[in-house]
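There are structures below to look over.
Next come two complexes built around chain A: one with chain B, the other with chain C.
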Partner chain A sequence: MMKKNWKAWLYLLPAIAFLGVFMVYPLVDVFVYSFEEGYNSASQTFWGTGLYNYSYVLHDPYFLQAVKNTFILVIITVPVSTGLALLISVGLNSIKPLRELYQTVFFLPYVTNTLAVGLVFMILFKKTAYSDGMINLLINFFGGQSVDFIEGPYWAKMLVMCIYTVWVVMPFKILILTSALASVPQSYYNAAKIDGTSKWRTFTRITLPMISPMIFYLVITGFIGAFKAYSDEVAIFGTNLNAAGMNTIVGYVYDMLYGDSGGYPSYASAAALILFAIVLTITVINLMISRKNVQY
Partner chain B sequence: MNYDKIEQAARRRDRVRRTITYLLLTLWALIVLFPFYWMLLTSVKSYSAYNGEYVPSFFTLSPTLQNYVDAFTTVNLARYFTNTIVFTLATTALMMVVIIFAAYAFARLDFPGKNLVFALFLSLMMIPSELVIITNFVTITNWGMRNTFWGLILPSVTSVFYIYLLKENFEQIPEELYKAAKVDGTSDLKYLFKVMLPISQPTVVTIVILKVIECWNSYVWPRLITDDEAYFLVSNGIQEIRENGFGRENIPAMMAAVVVISVPLIILFLVFHKKIMAGVSRGGTKG
Partner chain C sequence: MKVVLQHLTKKFPSRSKKGEEVVAVSDFTFEIPDGKLIGLLGPSGCGKSTTLNLICGLEAPTSGHIFFGEDNVTRLPPENRGVGLVFQNYALYPHLTVRQNILFPLQNLKGSEKLSKQVMLEKAEEAARLVQIEKLMDRKPSELSGGQQQRVAIARALVKMPRVLLLDEPLSNLDARLRLQTREEIRRIQRETGITTIFVTHDQEEAMSISDLIVVMKEGVVHQIGKPQEVYDEPCNLFVAKFLGTPPINVFSGEVRGGVLYIGEDGVLNVKGVSDRKVYVGVRPEGFVLEAAGPLSCALQAVEVMGRDRSVVSTHPAAVSEAIRAIIPSEEEIGIGSDSVRFALKPAKVHLFDAASEERIPFEV
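And now, the complex of A and B:
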């Protein structure tokens, strides 16, 4: 028996070693960093402990801009993408021919490199000296004015960011919702049909309650994912997000760590922990709401 | 009451509803596919033709492959590509070894503290990578592993979620099989590789594909760890191309590079789309 124990730990050793070094230790360390004031990464010294890093981050205009951007992004994209995904999934679920083809096409963005496709979005929206770009032509066609979406006004940049984020997160949501819809027992619908229930009533009284756990799952993961937005922004606006005024909280963390403004792991840690606190709070609130409203 | 008329009206309503549904779905399909079409189209337009169009045209009559030649000669696209392949294969292979042994220990072996250790593992799933990446960056820097493949690979060779997925799968293999193998004098390790892995093959394949996709698209960690172009992955390559590559104006060449980078994953997706979608809906999330 003793020999067997020894063997089991041996099997687990690689996993425990990697998790220990790259997950558990960093988790402790990030708190340590965030309280070390004036940490210098070259000499690895610091002059005190306290809350200075947090106060610095919370007073940094770049951080406040990043928080604002992230919140706007979250508030717009989570409801829009969830609602749109629900609409499309219901549509998908109601058809038979071509359903699989549509499903496959809809899932395509999930596997593509978001940096690469982001570049295409940038070109579609960008206004250059040579051309106003695809999207602007479309706007002109409907009688609107051309806007520079990439280097223009704040709301235009925010709009592109939201559109691209929705485009990126839709595949996952559609996939989850279509499988949730398919798992609602047909007999419920048949019963409703016999009673002559209208389609809308069937949808709100049978379908929605049945898939509400999955909707809440998507809302919760959607919030978490949107709060961590970063690489989609880089794809569209380039690596210098502060200059574009489009930085996100995660982007701020990485900028503090590395790059032109980098070399401050303490500030990065404080910002990351603030982000974590925000995400945790929102998730707890979400869970509390879902406990009240989810039927199952 | 005229039942024929009621039925007819109902049928007409049905037809209208179905038409609207198809229109909506087709519209979304176009929104999804259009960027791909646009990158492909732009990549075969010649530089002068592209910049001469004030109104971009939706097709081209004189496709050229010159941009692809440019993409491979002006910037180091081939290098980024090989780096990514090496990184993806090495990371995935190493991770498979680590998680197969861990899942085996949790599913097959009994040892004191197993449940506690497993619970601790699961709790690690909740930790966002943004929290640990700061220290990992410092660790790898201190180990002198910046701009090396080891530095790129090591932090991502374990995944608690995949250990969990594989363990669940291993546990469904009937106990009798193990006893029969024991009677035949099969060693534990042989049983793992000759019986458990082949039975769990669908799950293993799904995990491999999902990990390959994740590796191919990884951007944040490689960007932190590499500033030497010789170790850039495709995502970093794309950013590099965009900011210093062909000159900001040569968009057709940029799009050719984007096509080259996207094609492997799209092929992988077309071949394995059922497996990928099933795997993701079983509990993957993006990133």
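And now, the complex of A and C:
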């Protein structure tokens, strides 16, 4: 056995080398930077070590705003998008004519470029010299006041952001859930039918438990994805997210590195590690809940 | 509860536009007496599962009627028919424990039928006791063996005390030893509950061993209905004769001339009352008697020892089946030559079928 081990390592070497250089080393580096105060990447110098970077980041109002934005996004978009996707998948699963067409339509956002989608949302929501945007026209039609969704009040901007995020992440969830639903054996439904199970009970007691592993998978990846939100924000509100008050944690990290106020890899690293800690905590909680609920 | 099927027909539309519709069940009329165990038997694709689905209501018949007792249930949805169905793959809910699985049908009851928790638990226990799984109530289906899962499925189908119990290929997922045991179990449960039970199988041995009545089907058409022994002893046509019995019946092409049955040039049996014609001759494996001066001479291929009896494999030029298999009790002395063997035939084990219609021709010895 031992003799043959070196061969295995040889086969693994390319992957290990790549992962080491491009994953492990940077990760360790980020960890180190986050404790080096005043690190300068050009001169490779720093003046001390300690927790100052974390303290700075945690007291930075921009960071706190970013954390708040990110959490609101996560808490709203993950349940809403998963719920809607489930609803649509169940609908898709129960219709026969035109099912493929609808599946394609619902999947379109997945293959559409983020910036192109951003443009569409601009047309829907942005005020220009010529029009208040499609949605405002609708609001006006029903006798409401125009709202500036892009540069107006915080709730309006957050609403647009949430709608956008839900819309972008839903196709993948629909794809996963429709295939999960299709893989529930028909005999379970036949058995339920013969026992006189109501539609609702069939759904909650049979369908949902049967596809629950997939739902948990979507919730966990959904949380992780939503915590990493950034490009979608840029697509709608432009690159100066701090000015718009719509920055996210990843946006903050980016700004600290390359933004107009950037050049602070230490702060960026600290913020990134805080994000990592948040995501890790949430994922562990998710996994613990799913272990309890999915067991067969 | 007796079950009456009247001219039951089910046609499925063709998959392609041009093709003809498929007749899965054709004009099935039969009255199943109360409290009997009925085996629906036939090769795959013969419409037996469709018949089961029609009875339980998962499929609607194209024409014809189904009565449970005096109730016409033809248009009733499955849940209002009062049937219990055991699926071929059991369809136990994997996320529920055995107890929850058995409770499931009871929890569906609504309105005046609604039961208290205590009563439901008692009924579940009772059903579990009947199939002897009361020690497994807190396990998940994945923690059970195939035979245990089968019992849970039966308990779930029985817990509401259905008017009719239906079993779809109940033994096909079990290994040979368990199959023997489980079929006895099904028989016992059916006797104890007295519920009219219909089960579907393609295994003739299974159907023969436990059914009160068997229904032999082929391509949607019912060929014969009767007690297992009757159907075996008096098959109505060549298909039924071939389908029942292991090893299968040996078929020769023969001819009746002047009241004597000829296989090849050997006059093997006197058959009174049969006009001269070409026939198929079916001889059950146990219908051969070794005799040094027997009328039927066959070329010997092999003698297989099976313990209780011996199986003599031979060939004959007039045989339709490739090899002729005769079962001879082991204690019988056999004087077998090295290359040929001679048989006499037991008349009761010989069946004549018309060469054209393949219908059975009765004869007197």
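In this section, the second predicted complex is superposed on the first by the 278 of 296 C-alpha atoms of A that agree within 3 Å, B and C clash if a C-alpha of one lies under 4 Å from a C-alpha of the other, contacts with A are read in each partner's own complex, and residues count from 1 in each chain.
As a working rule, a residue touches a chain if its C-beta (ideal position, glycine included) is under 8 Å from a C-beta of that chain, and two chains touch if they have at least 3 such contacts.
Since the model is a prediction, treat every value here as computed from it, not as a measurement.
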{"item": "Partner chain(s) touched by A:87 [first = chain B, second = chain C, both, neither]", "value": "first"}
{"item": "Superposition-derived comparison: chain B or chain C, residues of chain A touched", "value": "B"}
{"item": "First, second, both or neither for A:110, with chain B first and chain C second", "value": "first"}
{"item": "Contacts of A:72 with chain B and chain C, given as first, second, both or neither", "value": "neither"}
{"item": "Chain B versus chain C as contact partner of A:156, first or second or both or neither", "value": "neither"}
{"item": "Touched partner set for A:282, first chain B, second chain C, both or neither", "value": "neither"}
{"item": "First, second, both or neither for A:191, with chain B first and chain C second", "value": "second"}
{"item": "Partner chain(s) touched by A:201 [first = chain B, second = chain C, both, neither]", "value": "second"}
{"item": "Shared chain A contacts, counted only where both chain B and chain C touch the same residue", "value": "none"}
{"item": "Interface residues, chain C side, partner chain A - complex", "value": "56-58, 77-80, 83-85, 87-89, 91, 93-96, 104-105, 107-110, 140-142, 156, 160"}
{"item": "Interface residues, chain B side, partner chain A - complex", "value": "17-18, 21-22, 24-25, 28-29, 31-33, 35-36, 38-39, 42, 51-56, 97-99, 101-102, 104-106, 109-112, 114, 117, 121, 124, 127-128, 130-139, 154-155, 157-158, 160, 163, 188, 213, 216-217, 219-220, 223-224, 234-235, 238-239, 242-243, 251, 254-255, 258, 261-262, 265-266, 268-269, 273, 276-277, 280-281, 285-287"}
{"item": "Sites on chain A touched by chain B in the complex", "value": "4-5, 7-9, 11-12, 14-16, 18-19, 21-27, 29-30, 33, 41, 87-88, 91-92, 94-95, 102-117, 119-121, 123-124, 130-134, 137, 167-170, 172, 175-176, 179, 221, 224-225, 228, 230-231, 234, 238-239, 250, 253-254, 257-258, 265, 268-269, 272-273, 275-276, 279"}
{"item": "Residue ranges of chain A in contact with chain C within the complex", "value": "185, 187-188, 190-191, 193-198, 201, 205-206, 209-210, 212, 294-296"}
